[in-house]
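To keep things simple, chains are lettered A, B, C and D as they appear, and every chain counts its residues starting from 1.
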Amino acid sequence: MKINHMKIDPGMTTLQLIEQMGKSGVLGAGRMYRATELLAEVISDEETTVFLSIAGPMVPGGLRKIIRDLIADGHVDVVITSGANLTHDLLETFGGSHYREHDETDEELCQMGMGRIGDVYTKAQDFEVFEKKISTLLEEIAQKNNQLNIREFITEIGNSIQDPESIICTAAEKNVPIYAPGIIDSMLGLQLWMFTQENQLTLDAPGDMHELSDIVYSSKKVATVILGGGLPKHYALASNILTGGVDAAIQVTLDRSEAGSLGGAPLEEAKSWAKAKCGSKLVTVIGDATIIFPLMVAGAREKLDK
Amino acid sequence: MKINHMKIDPGMTTLQLIEQMGKSGVLGAGRMYRATELLAEVISDEETTVFLSIAGPMVPGGLRKIIRDLIADGHVDVVITSGANLTHDLLETFGGSHYREHDETDEELCQMGMGRIGDVYTKAQDFEVFEKKISTLLEEIAQKNNQLNIREFITEIGNSIQDPESIICTAAEKNVPIYAPGIIDSMLGLQLWMFTQENQLTLDAPGDMHELSDIVYSSKKVATVILGGGLPKHYALASNILTGGVDAAIQVTLDRSEAGSLGGAPLEEAKSWAKAKCGSKLVTVIGDATIIFPLMVAGAREKLDK
Amino acid sequence: MKINHMKIDPGMTTLQLIEQMGKSGVLGAGRMYRATELLAEVISDEETTVFLSIAGPMVPGGLRKIIRDLIADGHVDVVITSGANLTHDLLETFGGSHYREHDETDEELCQMGMGRIGDVYTKAQDFEVFEKKISTLLEEIAQKNNQLNIREFITEIGNSIQDPESIICTAAEKNVPIYAPGIIDSMLGLQLWMFTQENQLTLDAPGDMHELSDIVYSSKKVATVILGGGLPKHYALASNILTGGVDAAIQVTLDRSEAGSLGGAPLEEAKSWAKAKCGSKLVTVIGDATIIFPLMVAGAREKLDK
Amino acid sequence: MKINHMKIDPGMTTLQLIEQMGKSGVLGAGRMYRATELLAEVISDEETTVFLSIAGPMVPGGLRKIIRDLIADGHVDVVITSGANLTHDLLETFGGSHYREHDETDEELCQMGMGRIGDVYTKAQDFEVFEKKISTLLEEIAQKNNQLNIREFITEIGNSIQDPESIICTAAEKNVPIYAPGIIDSMLGLQLWMFTQENQLTLDAPGDMHELSDIVYSSKKVATVILGGGLPKHYALASNILTGGVDAAIQVTLDRSEAGSLGGAPLEEAKSWAKAKCGSKLVTVIGDATIIFPLMVAGAREKLDK
């Protein structure tokens, strides 16, 4: 099949641009097109349960609203993420922000009370507010029920806050479960630990697996969209091993495969483990998720709207 | 400064999407926005001479028309590229194509007479036609003038073909010089060598430097857009050393910097060599140029149209 | 300071080679030398508690014995790893192996009952044995104590097996704690979950934090060696936030920093978060840990022997 | 085949370490072992002509002596490199050096007259000496013969200097040809251009191809060792297309393949182009050449000594 060259028309929509990438169909452009097509397909298919795995600093990196909107509009059915993204979501709910355009050294930032994630900055004051608010929340939650699985715990937080912009709050409202198997490894986890030193609150990690397996078993098809690697990637794929693997998967990553890390592993590898079905649709886009994911979502949502 | 979260509106134009990335302003999204802004700025500034350095398989990868249109519309003033991209441009002019969607092994492809560049494929028959046509062209050119610098040689080719879709042809028409200091290392170079075994045709490599230095000296400002690394990147930056360096540069690459290769080197490094001026505007976007460059061009051209 | 060129003498020891890299002192070679020096320094310093964070397939990738020996010889005081590396350690303890040199597709591997990690392969039969043996172990452990933190749980496993080659077993013998905050996301975690569906066994995730903070508070200095990113990297750094950060850190990774992922983040960034002290010694080597870590350990151990 | 775990014995030689990597045989460690074995094999095989392609800052990065020794000891038969590496070789011959351990910004370095390549630094004074000395050399060479191909020009330089540590000088002595198809794009090329503005000296780029094709045709087998990408990689592979491709190739790179750049392209791809023979032995090691190449050479030379 012949390659057609992409054509730029000023003012073209994002979908029109992505369709030009599809006309070419090779290298990154081809993968970008196929990923967008697949995303639109799995979202619009009523029989497909859509998982979204979010590793990396997606909330600090400006994707909070895009993720929140996907949940609010019913395009995502299950979220798997890190404790860090939950922490940063709450940080904004509690009045904090993420900042940019600093040029201090890391040692200077430390003295100023600022934490750095690439070129994103946080303020210690915002974390202090976070700590106060979250400890009040933890008390409220523990009074109601001091034995929860991690998903229930996150839902409880979502039910306790009023912030339409929050991923956690929106997910709670829309009954979209959020799983965070590594929640303890985060500022939220640290607060949780400090709380449990003087209070009774038990989080049952294996408990989530019951729910997750129910979701997988009751889904006709499962698709998973994976931003970054780590636990959120593995947990999404591994939870589908029970039914022979996902039916479709999209991953966006800058990690590479040669050293064998899961983050950089090709999705094809998941087939050998029955974490992706034989014949499943798998697309990887190599790139920075803060560029690739907004482009993909814009294209897919435009396609859905048609 | 606070980070705003990106918002996707289905049907948004590419510039609208990129402006959302600018509202966030961090990580890849921030760089994508700043690169697009800078591209629009240098194109629209009458005093800035715009260089475009093209390494990597940009013609096979579907960018031929985007590059040709930038030249045709006067947005690019100087092109620096590899012999390979020139070869692939002519391959299509002479009736050949680039192909996709093969799943043979490299050994099978070899037996089928197909060459592979990632997931782009070429056919031996197309190269055979290329060889016949280019040797006729070489004869015509050598008859007129058998002592040329490389740029003149490429312009002569451009003048000898009628293909409005060709980068070489369009550049010749628009008086946009194309430099290819490593031209000999390509299929075109191989044909050139074979031709010179029985014919007289001398290409003067240093000869280009006279012209290029004239361009640099007569430019009020120079901006360079760099796709990939290698000779095209270095040549563009090094030729500006004569006037203290470029005023602006944009690079798109997946190479990394730690091993010291030029391809992955941060543009900042060029300042130490006086290849980029102190205070020059420099933006690097990490990503696949077949995704990033179309997006950037679409955004910049939309902005120019306003 | 002038760079000296490296000199190869056939038969030179690994330390002699690394010292040549130090004579050059730049690019990867310089980082390799400084990392080896730092590793030898923190191991030999009685006042420094050495953490080892292991993400990625280090046990499948042939590093099991190197890690086990570091623990056995008292060179590592705390291990933080993934559930996967624990699973693969036990897989071998229970008679299984890791395999190489297969050329089947992932779909064929799936049908053959083989899982793939890069070019490492596993057999379903080995996992079946693992499942049987681990469920017996879980019963024994639960009978003794059905409320454990994750570290205690891993130590219990270590105490229950007799395998001098096992990381888990050796760590238990040497009183080296192993933390695995994401343990649930692994085959071991899956078995744990299945076991808890019919049996009583609670793993207290926050529980580990008490211990870990005691270790950090009682250490004069802490150094952490980080292979790969993910939870094991973050957990090691974050647990030192309580005392203002680690005093030294070495990381080996192929991840890159631009998209903001923790795996690729420069260690310097940890200073802004007080996860590494101002003035702490930090070295990153970009490379494949299965090459870089054995080379570094060989060099450091040779230095220690002198 | 089962994987054996690597074992570190303090004081082990580099070959012993690499043989441990071979016992494991997977991921980077396996590739490191296979590359070392292949290097020893092609060097020791009298029928194999060994090409060495050197891109990236290998001379500034401390590899000058390792390369020079390989040439001096008859282990390398053809060198293909960039004008930059030749420039930096001569810079040291003329009394200059490469420097390390500066922490100035690039703008400050520029004002100090220092150029930066990663963490390698150069001094303007050294380049001034280089300029004076090279222009004298150019005069001498042009007086003898003002029409040379590039290889002859480099050999003439080698014959004109007395520096046993120089790659160019040693290669000239040992009759090892050095090809640099992109020579013009370097400080040496810039001097050449300035010289030709007032003097007669023509470098015939296609001229090298005659010689190179003679070498390829007269070799029973060809192996190529490739450090980095760019022209040196392509030229080595492409010159072997005439005889159906190389018989063996080793590449060391940190570039990746997805965007289609030659630097990151898998060696297998060369088979489709008949630049590597079907059945040829091909090994890629992902890593920083300043670490990987010294380790590989140390291992291979130790093996040869046995």
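Note that contacts are C-beta pairs under 8 Å (C-beta built on N, C-alpha and C of every residue); 3 or more make two chains touch, one makes a residue touch a chain.
Chain labels with UniProt names: A, B, C, D = Deoxyhypusine synthase.
In this text the structure is predicted, and so the values were computed from the model without any measurement.
Peer 1: If you apply the touch rule, which chains end up adjacent to both chain B and chain C?
Peer 2: A, D
Peer 1: For everything except chain B, show me which chains still form connected clusters by touching.
Peer 2: In the absence of chain B, as far as touching goes, the chains form one piece.
Peer 1: To bring chain A onto chain B by a C-alpha fit, how many degrees must it turn, rounded to the nearest 5?
Peer 2: Rounded to the nearest 5 degrees, it is 180.
Peer 1: Farthest chain from chain C, going by mean C-alpha coordinates, please.
Peer 2: Comparing chain centres, B lies farthest from chain C.
Peer 1: Any idea how many Å lie between the Cα centroids of chain C and chain D?
Peer 2: Those two chain centres are 36 Å apart.
Peer 1: Determine the centre-to-centre distance between chain A and chain D, using the mean Cα coordinates as centres, and give it in whole Å.
Peer 2: 44
Peer 1: Nearest whole angstrom, what separates the Cα centre of chain B from the Cα centre of chain D?
Peer 2: Here the centre of chain D sits 26 Å away from the centre of chain B.
Peer 1: For chain D, give me the residues that contact two or more of the other chains.
Peer 2: If we look for residues of chain D contacting two or more partner chains, we find 26-28, 57, 60-61, 118, 120, 254, 256, 258-260, 286, 288-290.
Peer 1: Mind listing the chain C positions that touch chain A in their complex?
Peer 2: Listed in rising order, the residues of chain C that touch chain A are 55-57, 60-61, 84, 106-107, 109-111, 114-118, 120, 181-186, 189-190, 192-193, 196-197, 202-206, 208-210, 228-231, 234-235, 238, 241, 254-265, 268-274, 278-279, 288-290.
Peer 1: Give every residue of chain C touching chain D within the complex, in rising order.
Peer 2: Going by the criterion above, the answer is residues 1-15, 17, 20-21, 23-30, 32, 57, 60-66, 69, 97-101, 118-120, 165, 254, 285-292, 294-295, 297-298, 301-302, 304-305.
Peer 1: In the complex of these two chains, what residues of chain A are touching chain D?
Peer 2: 26-28, 256, 258-260, 286
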